[in-house]
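Sending over a structure as structure tokens; questions will come in a sec.
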Amino acid sequence: MSDPILDVQNLVGGYGKMTILNGTNFSVPKGSITTVIGPNGAGKSTVFKAIFGLLKLREGKVVFKGRDVTGLSQRALLGAGICYIPQGRNIFGELSVRHNIELGGVAAARDFDLAARVEAALDVFPVLRKKADRQASTLSGGEQKQLEIARGLLLEPQLVLIDEPSIGLSPLMVQQTFDMLKQLRDRGVSVLLIEQNARSALEISDYGIVLELGRTRIIDKADRVLADPRIGQLFLGGAMEETAA
Amino acid sequence: MTKHSRLLLAALAVIVIAGLIIIPMNFNRYGLYILSQWAVMTIAAMGLNLTLGYAGQVSLAQGAFVGIGAYGAAILTTHGWPLISALGFVIVICFAVGWLLGYPALRVQHHYLAFVTLAFSTLAFLVFRNESWLTNGIYGISNIPRPEIFGFPTRKPLPFYYLCLGSLGLVTLAMWWLIRSPWGRAFMALRENPIRAQSLGIDTRRYTLMAFAIGSVLGGIAGVLYAPLTQYVDPVPFNLQLSLDLLMMVIVGGSGFMFGPFLGAMIAVLLPEWLRFAEGYYLMLYAAAVIVLLIYSPSGILGILDRYLSSRRTQAASALRAAAQSKLEAAQ
Amino acid sequence: QSGAPIKIANVAELSGGGATVGNNWKNGIDLAVEEINAKGGILGRKIEVSHADSQSNPGVARAQVQKALDGEPYVLLGPGYSGSVKVTAPLAAEAGITQIMGGEAAELTQAGNKFLFRTSFGQQSSMPKVAKYVNDELKAKSVAVVWVNNDFGRGGRDVITKEFNRLGIKVAADLSTEAGQADFAADVSKIKAAAPDAVFIYVNEEESARILKEIKRQGVTAPLIGETTLVGQKVIELAGDAANGARGHVGLTTDAPVEAIKAFRDRFVKKYNYVPDHNGLKGYLAIYMVKATTEKMGKVDSKAFADTLHGLTIKTATEPNILMDVTFDQNGDIDRQGFLVEVVEGKQVVKQVLPKLN
Amino acid sequence: MTAVLDVRDVKKSFGGITAVNGVSFDVQEGEILGLIGPNGCGKSTLFNCILGQLVPSAGEVRVDGKLVTGQRPSDLNRLGVSRTFQLLQVFPKLSVRDNLILAGQEHRGSMLSRLLGPSDAGLTTTADQMIGFFKLEHLANEPAGGLSYGQQKLLDAAMAFMGGPRLVLLDEPAGGVNPTMLGDLKERLIAINRERRATFVVIEHNMEFVMSLCSRVMVMAEGKVLAIGKPDEIRANPAVIEAYLGH
Amino acid sequence: MSNLLDLIVAGLATGAIYALVAVGFTLLWQTSQTINFAQGEFVMLPAFLMLAVMHLGVPFWLAVLVGILLSALLLGLGFKLLLVDPMLRHGVLPLAIATMALAIGIKEAVKQFFSAEASPFPSIVPAGDISVLGRAISLQSLGVLAVAILAVIGLTTLLNRTSLGHQMQAAAQNPTVARIIGVPVERMILLTFLINAVLVALASLLITPIYLAKFSSGEVLGQAAFIAAIVGGFNQVRGAIAGGLLIGIVDNLAAAYVSTQYRAAVPMVLLILMILFRPQGLLGRAEERTV
């Protein structure tokens, strides 16, 4: 693999006494789209939380552009050029759509042209422009997701952590979103993506990572992962089932 | 829960109950009075714990129901009714009023609900104070008799304490049954996610009203014991402060835990007494103690225990996950 | 045994709505105890007072009195709120312990309790004097009555209304107010609308100050009359100019033209840094009542205490710190000099001394 | 034969915005109807109008021929209509098993018998079957709030099946669910459909899932019905491709 | 009729006081979702701090400054660090209860270390009345009203028009998400409490000359402000003004035309009706949400 922008080393951590990540290792090559797949409950989202400093790690390191960023504040991580768009609904329902987007620029540097970026974001998502002055909670599920993506990308990050963006988006919008990620890559931005929509995601990706029970099982070029016969079996989550029974 | 820990719990329960029966036998009047007060307040707090802790309906009116119960008992027993029939009367009244008070909860929640019930508390106080023809107003009702239970007089402090303790026991049993029944689960559903609950066929209206009505009845029962305990009822103790105190008992003890109110009432009723040695500073100490307790465990005293138990459970689940992992590793 | 301290228990409103009352009372007690102990105590025995807080709540008062009685005190002092007195008096009576309290409600001493004593005039004796003054001096035909809606205020209002009725004075407005009330605009505008010949005001000190200010603002000119709580030093301090012209009957006041009281006031201010209200005097006197009674018996005997105090007259000649001659009747009510005062240019001026009856 | 669900001219507007603009359709017993359409076209709002979460501004909803417009969700549920929501909606502090028991208990006995009867309303076995089916055994006693997104989504769907419903409305049940589990979900859905002749309406953006599951698909756009028909017809409909599917 | 006008003007004066206390109340809700049961005590305390400083022989104006500073330190920074930080994540109730305890603590401390007596407090607004609609209204009351309105205008602008304000609201609505997008949540909360602390200090300065400095004066104020905040609309700072003034007027009209014994009931009934039929308050907006 080429020069990594992000290097995740031996992460151990979880929720309370529950250990979810048990020595997770992988790295994200610079200027690539890397997709993480794995069964439900594998710990994919947990890895993202760990990278973004939202999970107390018991062990391990997160290295971004050669610098140890483990446990930095979110503001610092944003400043360093990482952004995180989590799974589920994460908007400020009582604020207007526009204000929600603008808040994406909170961590911006002083010389950052926020207004222009907001306009650009509204260009990318015409629905949001149409509803810019509405209370964000009145948006439909998919529109809220678009809002989150627009807000998350406002700062022009170097590394995007994006957790299942396709949930709730119409096929057309999924396509658009994936196209957007591709464009980002073409501009040199690195993307770390989690998707259950594995096939489409891997198709646009350079690398694929399969995560199970908190550990990376396969790390390879995306097309090879797609073709890997083990994938089908892994998605069954077989091991878990046996132990629990 | 393992069999072992269940046995341990049963043993603990027996010891506590025996303690509550035996130790006070050589208490002085004051000690018995305070303990009786604890039992009475525990009953009222248990009612609020149902409404608030389990069903998630914020109420600042529980004190008013204690008042309704106390006035009901005071008025009726001074007119020659036996306490038990006064109790019956109060239960019916509190159920009905509690049910009605629940209606606003169908429209508004959280702090808005808190304020509607706050308003009710204030109104109840004004009625107690202003409707002299019924309540004797600010002068209050004195010479409230203590009852005879199965021919045993409870005029003396010790028998009356046993009456309070016995009532607490009965109420606890009933509450335990209620909470572990499907009703209990429905109440919690109301608290956790009313919208989802509705779509699962849970008649949130009826359960909300029930939560208010039953909780209020417990407030009323506490009041029925309060009147013969102090043998004098006036409006002052039933102002908003009592409702706030009861709320505090629930939260400090651990809201949504069966035995939270027992501990909460202990903090609210017994702790200030223990702190009296500090004289002018005792209420300051008390306030500080409550604050420190909440800082240490915002989910209340039983929250500490709960954290411990759930971390043990999580540990077990974590071990299971680790086992699965090594199996997976081995399979490769 | 004879050298052991005499234990006295005080239960009072040290916190809550009555804290001002209770703390004055407590301070008065402590001052008296300090004086007595400094001079060797009562019959050679020191006094030891325990203070307990009733939180201004009758239920708590009952618990605290119970606790105090469990400790078998020589005498029980307090509480100051009539309601709290009412719940606790039966307990003390049952235990056979004398209770010297601060309540003013008329009914307290009318229930035949043989162990309960006042430190101030009950409303049944103060209100008729006020009514008489309104009738004889002000020649008012109609009055507005403003009272605080607790047992103190309501009690006073009930007695005075009866007196006014008896004298043929019309109650033109009957206004209840709340403890802690800040805005009296509506009440005063009602007074104004009723256009009475006089206004009777029976509320706590701070509220007195506020209503006086509002009365001044709205330009009500009818004479204002009240009781101790209308014309006290505190009210004058808080109300400023607005207090001028207010009159009232006062049983105990630190402004009384009595040397002993002035001296008391100085001692109190020296110790506590503020001028006490009548509750401070009441607490102080309670302790000297204990002293005088005990010395009269010649022994410390809690059983005989109440009997001795009934019918007892304590004279300043024998006990200077009783401040004014006083007699206790069979109900525990007091007979003592009283004063009719008026606030003139920010000073309480005694207009008339109402002599002790017998 | 009357339709299980009959929706006539339902409209819903919020202030000036018309989210659902006169939608009519019906669903026959045993049918699985797919509901697709671009984001914000009014699908969820339509569900909410049918199920009483929102009161429609106009129009009628009938279940088994009975007019139910504006009825409370809980009453509808006890008529045998259940649903899931687009956003996660579980009871976070209750255990997974309690979530499921709760989902079925109101369909057992009367209010009184539920108070006096057994604490699980006799549903533990059914609940555990459901848990087994969605491979959540190891989490059965965990609070539902600690489940991963996909797991909660599955639990949510499982809850909709607990009361033995006749008509189930699912709002994006597949979102975030792993493809393998999605197969299981589909299987379960079809089994319930076959065994109990339960009827389904499924909002979903996952075309594979919709097209392989549904007998008919309805497409909405801008609050209106754009097309309704067999999956193949819909897939080939140029208007649908334009508005929704893309290429 | 003239009587009615009298009552309304007088009600405005009292209402202004309620409004001023209520502003901080709604601010705390809107920017940290906390309910401060000690808000009344927060208004009571700074006056005593100023009095204490004055006892040391410090001139009034300096004492005022020191009082505001101390208040920011104690009621702003201290409050946030000690109570809010550990409890904020656990929902509204534990913190609300802790503030109830805090209210007891503050009252008792003032009583114990200062006095149980009421004392007068110098007014920074000159005494005297001016004529409004032909009625006398005191300059003090007008001062209170002016400050309340200024505070509301300032805060509304801050919250709705500035990025800082949006960040504050975001931090309150969903701290986790706010953090993710880089809002310094801690700092926003601190700012909230500092603003509130300064506001209560100002309120104390203006209100105490009217209410007198007394350990218990926060009780009435706190409750009135509470009700005013709800009636006006809890989630809108400007609702506090409307709610406060309305409660002040209604209270007076109730006393005059309903019954003095039940005067406290009338605002309560108003409150209940308000909540049932317009829960978002007079000027609040509905908290909408899609399911």
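Letters A, B, C, D and E mark the chains as written, and numbering starts fresh at 1 in each.
In the analysis below, contacts are C-beta pairs under 8 Å (C-beta built on N, C-alpha and C of every residue); 3 or more make two chains touch, one makes a residue touch a chain.
These are the chains along with the protein names UniProt gives them: A, D = Branched-chain amino acid ABC transporter ATP-binding protein; B, E = Putative branched-chain amino acid ABC transporter permease protein.
If you're wondering where the values come from, they're calculated on a predicted model, not measured in any experiment.
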| item | value |
| --- | --- |
| Chain of greatest Cα-centre distance to subunit B | A |
| Furthest chain, CA centroid comparison against subunit D | C |
| Comparison of B-D and A-E (more C-beta pairs in contact) | B-D |
| Subunit A and subunit B, separation of their C-alpha mean positions in angstrom | 47 |
| Distance from subunit C to subunit A - Cα centre to Cα centre, in angstrom | 75 |
| Distance from subunit C to subunit B - Cα centre to Cα centre, in angstrom | 39 |
| Centre distance in Å when subunit C and subunit D are each reduced to the mean of their C-alpha atoms | 74 |
| For subunit D, residues that touch 2 or more chains besides their own | 44, 53, 85, 87, 89, 138-139 |
| Per-residue overlap in subunit E, given as positions that touch at least 2 other chains | 108, 261, 264, 290-291 |
| Numbers and ranges of subunit A residues touching at least 2 other chains | 15, 18, 138-141, 240, 243-244 |
| Touching residues (chain side subunit E, partner subunit C) in the complex | 3, 6-7, 10-11, 13-14, 17, 107-108, 111, 115-120, 129, 136, 138, 210-212, 214-217, 219-220, 248, 251-256, 260-261, 263-264 |
| In the complex, subunit C residues that touch subunit E | 15, 17, 19-20, 22-24, 149, 175-178, 180-183, 185-187, 189-190, 193, 205-206, 209, 217-218, 234, 237-238, 240, 274 |
| Touching residues on subunit A, where the partner in the complex is subunit D | 15, 18, 38-42, 45, 87-89, 127, 138-143, 145-146, 164, 166-176, 196-198, 232, 235-237, 240-241, 243-245 |
| Interface residues, subunit D side, partner subunit B - complex | 51, 53, 72-75, 77-78, 82-83, 85, 89-94, 98, 101-103, 105-108, 111, 114-117, 119-121, 138-139, 141-142, 159, 162-163 |
| Residues on subunit C engaged by subunit B in the complex (per definition of touch) | 14-15, 51-53, 55-59, 62-63, 66-67, 69-70, 83, 86-87, 90, 105, 107, 149-151, 154-155 |
